[in-house]
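Note that the chains are named A, B and C in the order they appear, and that numbering of residues resets to 1 at the start of each chain.
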Amino acid sequence: MKKLIMGNHAVSFGVMLSRVDVIAAYPITPQTQVVELLSEMCADKKINTRFLKVESEHSAMASCIGASTAGARTFTATSSQGLLLMHELLHWAAGARLPIVMANVNRALGPAWNIWTEETDSLAQRDTGWIQMYCESNQEILDTVFQAYKIAEKTLLPLMLAYDGFYLSHTLEPVDIPDQKTVDSFLPGYEPQIKVDVDNPNAFGSIAYPEHYMEMRYLIKKAMDGVRDVAVKVNDEFRDIFKRGYGIIEKYKTEDARVLLITTGTAASTTRIVIDNLRKRGNKIGMIRIKMFRPFPSQEIRDAVRGYDKIAVIDRNMSFGVGGIFAQEIRAALSGYSNMPVVFEFIAGLGGRDITPNTIEEITKYTLNHERGEEGGIWAGLKI
Amino acid sequence: MIDSRPVSYKKVSDMPEMPAAFNSISWNKTGTWRYIKPRYQDKLAPCREGCPAGEDIEKYIELIKEERYVEAYMLIMEENPFPSVCGRVCYHPCEDNCNRRNFDREVSINSLERLVADFARTTKKGEAFLAKERQANVRNKMKRKVAIVGSGPAGLTCAFHLARIGYNVTVYEALSEIGGILAVGIPDYRLPKDILKWEINQILSLGVEVKTNLKIGKDIEFEKIRRGHDCVFLATGAHKNRKLGIPGDDLPGVYSGLDFLRRVNTGQRVELGEFVAVIGGGNTAIDVARSALRLKKKVKILYRRTKNEMPANEEEISEAEREGAILEFLAAPVRVIEENGRIIGMECVRMRLGNVDSGGRRTPVPVKESNFIIEADNIITATGEETDFSYLPEDIRINEGAVEIDMVGATSINGVFAGGDIIDQPRTVVHAIGSGKRGAIAIDCFIKGKNPLAFMEDIELGSKGSVSMRCYTDGAGDNEKNRTIVGFENINLDYFEVSERGRMPYVSVKNRLKGFKEVKLGLSREIALRDAERCFSCGSCTCCDNCYIFCPDISVLRKEGEEGYIFDYDHCKGCGICAEECPRYVISMEEEER
Amino acid sequence: MGGIKDLKKTEIEHMHPGHFACQGCGAPLAMRYVIRALGKRTVVVIPAGCFSVIQSPFPYSTMKVPVVHCAFETAASTASGIRAALDMNGNGDVHVLAWAGDGATFDIGLQALSGAAERNENIIYGCYDNEAYMNTGIQRSSATPYGAWTTTTPERQFKDSPKKNIIEILAGHKIPYAATASVAYPEDLARKAEKARDMKGTRFLHILAPCPPGWRSSTEKTIKIARLATLTKVFPLYEVINGEEYIINVQPKKIPVSEYFKHQMRFRHLKEEEIKDIQKRVDYEWERLLNRSMMEGFNNK
């Protein structure tokens, strides 16, 4: 059934159809509509869920951890400051191997207070052990929720899906919302092997001495390494049922491109339009949209950019002291391999600054006209 | 989680996917952390140490709490065959030693003993118990014969214990009454004669033969007795009157206290004028005074020291005063004043307390020219009784009026033992009973060729001289228990509330003086139970559960199928909480040997 | 006297010996009686603190019931999540017991506790109070009493703020049940745990658990000290129903606070004047508590 809904509501529908057992969430702009619609759904009994209206995001994640340990399918949503407040527990959730799914609406960090979009918030959590997926459209958001639970529960790792604040969260787009039966055929119930069970008691998360801890961390690594294959398989299963899919990276008109633009989120949508326009004018440009950021799809990126002269990474985020985060990761993936392009780094769209087609054209032009970029990235559209 | 072994993961693939622990930690022997270690060890209650008869007081009070009076009676009888007597006339050193004394008031042990004995007597269950004992005796009867000279508390106690072991016992008593001082010394209002008779019959029912009106040395030769028995136990007591040694002390009307009491106790008439002066400060003097009061006389007691030094029981002194006796302290007689051969008064002199003598008391010294006259129709002397050893062979060693004995009662003559007032020990009923018990043990050892000193460790209760017959017949005692006394500082007072002591009801003075009926009415069962509850049970586990409850390491476990606890030494960390919270010092903390 | 025959009702222990508590520690004793009252259908949530260590390291456990360790400040919020999940998967009868020290309750975890209490989450929250951050080495917490030495309040600058009254804070949330308890009164503690077990909503137990190394006391004196705390009115035992009805459980005795202090070296630096002031404050707080116990709860009117 197609409905015109905002990105936040796409999440709500996704959560409802995924038969989530426990939600714990705290409101923060621009996430609020997610939890508001879910509250209505709970009140209308459209969904059989306990919704804990906790008193902070930190408690939200703690409650999700508790609920997941006790065998519930859990969900929370947050953004920026709230996500940062959860940071300690993000590490905890991954270490505890709990398949919690969280929607993070990308928003810039204060001070100064800024409610508009920027992806630094979720990217700053890249070391926590969470799987990270970035969405470009409301349909993708809805679909990613379904895939998220399947991937997370298979690998026993928590997953956050991120999307741009206001551009997606508050923008209405047509979304095909499947019926419960179809979703059920794709996503079975959550059956954890180890959970809180009074008939088979265990102690969860005790102190581990050095003799065990490293192995526990290794188990996480192994799981994370396996996510790629699981994500691909889940996407295939998804495509079989829903006739659409996404993959871990998406290539757009890359075959004969002179320069590849690499980006994510709504910037990718704008980039597609720019590429089409440039191609009309004879400039063969292509794009790679990165959907899965963690685990970082190093092999896929390498395969996608091998043989190209130049790639331009457009980061809607900033890691002070080194540069754009996608750019760093891409650099690391390419390092030491032969036949790899020169990497141009661009920082654009921080704090909700519009990434216009013009910005992207400028970026493309710069890339075409220069041998190499600047270390640390060029800040596109900056008023200097 | 049943597994309790250390778990070791060899490979990553052995480990659970999530950080979950499934194994119990109980294999971890935290007992290795200890440097001190608890141990259950019963200890000796100070009341028992202080009881010359060695009664297991703490245990019989436990039985009273459960209203198991007959078992309590049986327990007392194992050590002391005179609970009805002691429960009335004993000076109760047990109560002086009672730890509760330092908290609020001592437990009324004396009254509790009386309650038990009275119950056994009035329900006839006491007789049933001894009937069973008598049947058992038939089996262990030996062909040995022991002679006991004197049927007082020492002699009868010795007879009782020997009869229980299986000896043939014959008691030779000079008087026609059986019981010695109990029968002819202590008046009815303190010790009713029917109750005494019952108690004596209990003893005799074990097969003890008594030959009355047979005075050794007069009616029969000592040597004949000695040759006719394997052993002899001398318990002739001290019945010779000490004269006043003043002019007029042989006038008619001057009576010896013992003679007076004997006559009163055997129902004979005594000629007394209106005013009676009693000389002396011991229990005999008080018995005399209170008896004279009941004969409607005006009584004055003269004592040469002050009330503090009076050897009589405090209670006796205060009752005598309440009943109307006038106590004249620091006064001594100088001469008896007569007129026409009749006593009309006595000249006395004031005394003052001088230096401390060898016995620890200050010597009374006459104050010059302080003489005064008191009115008196009769003088009764009770200044101390003396022993009479004229019936014994010359080679018996005597020292200052007492037969010399070793630790258990053997005299210098082989096969002859002694106890009671003729040996050097305090002259109380309970001491006599204790010596009778020791004598029985000595005699049994002598006849069987055992060395009594070899058993001392096993049968001694504390260090005040009491011994346990139970330990002797069992062949063993808990030596550590019997050597370690529970002091007041060992009691954890947090578990006790200050409470009132059970009060003994007395007959009113007016009613008392009408005759010789018993003055103390005895505690009722409710009051007795309440008082028994006050007992700290020093040194004996009452299964209060404190150690079990307060162990943070769950290392105090209940025993299987029986009452009591054991320590799980694998896990006990030696914190000491159990020992601290045990209200009654049953747990000892000791250094851990490594 | 002494001994609690009623506790024989549940002979089953839900803890194994062999755990890592220090000698004479009050915390495992408190847990022992609470868990006996709650039974085996209980999940225990343990935030960082002494009990994280006492509970034994991976791959072992001292509790025979499920345990979920959680981050320091998240006892109440993690417990709330577990509660929600258990309700959803048909285990609504399983008790959720958050078992936190004073640090995790009074300080860093106060927000989560307040949030859970305000939502009247159906959990039992047991705080074993050893009056400082003991696990990290005896640093002060807001539960440290006025006058005490800790490593961050050395004797020359001892703790000069009063102990936070956590029961008052929770009474302000109007939770159905909040009570103080003590390891020296195990009968009372077990009764309160049973009472809490049979209620719904947020139930809070504030249990005094002396710590020999932290209080600088002798290991065998743990129970005696806890008892003196109640008898000297320093730590009265009372219950608050619905935040309004106060029931005092143990009558204190006329024992001065100096008797309580004398067994603990953490108070040995206090001067007579300071002890007098503390005595005045203790007497005042007791009066205040008595006054509160006179007033009926709202629903009783």
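Keep in mind that, in the parts below, contacts are C-beta pairs under 8 Å (C-beta built on N, C-alpha and C of every residue); 3 or more make two chains touch, one makes a residue touch a chain.
On a predicted model such as this, the values are computed, not experimentally measured, just so you know.
For the pairs B-C and A-B, the larger set of C-beta contacts lies at B-C. Distances between chain centres, each the mean of the C-alpha atoms, put A farthest from chain B. Centre-to-centre separation between chain A and chain C, using Cα means, comes to 43 Å. Each chain gets one centre point, the mean of its Cα atoms, and the points for chain B and chain C are 52 Å apart. Centre-to-centre spacing of chain A and chain B amounts to 92 Å, using the average Cα coordinate of each chain. Residue numbers of chain A whose C-beta contacts span two or more other chains: 201-206, 208, 212. Across the assembly, chain C contributes 56-61, 64 as residues in contact with two or more other chains. Among the residues of chain B, those in touch with two or more other chains are 1, 9, 19, 21-22.
By the touch criterion stated above, chain B contacts chain C in their complex at residues 1, 4, 7, 9, 19, 21-30, 33, 494-497, 543-546, 549-555, 558, 568, 570-571, 573-577, 579-581, 583, 589. Per the touch definition, chain C reaches chain A in the complex via residues 40-43, 45, 52-53, 55-61, 63-71, 73-74, 76-89, 91, 94, 111-112, 114-115, 118-119, 121.
By the touch rule above, chain C contacts chain B in their complex via residues 1-5, 7-8, 11, 13, 15-21, 23-29, 32, 56-62, 64, 183, 186, 212, 218-224, 227. Against chain B, in their complex, chain A makes its touches with residues 95-97, 156, 193-194, 201-206, 208, 212, 215-216, 218-219, 222-223.
Residues of chain B that touch chain A in their complex: 1, 9, 12, 15-22.
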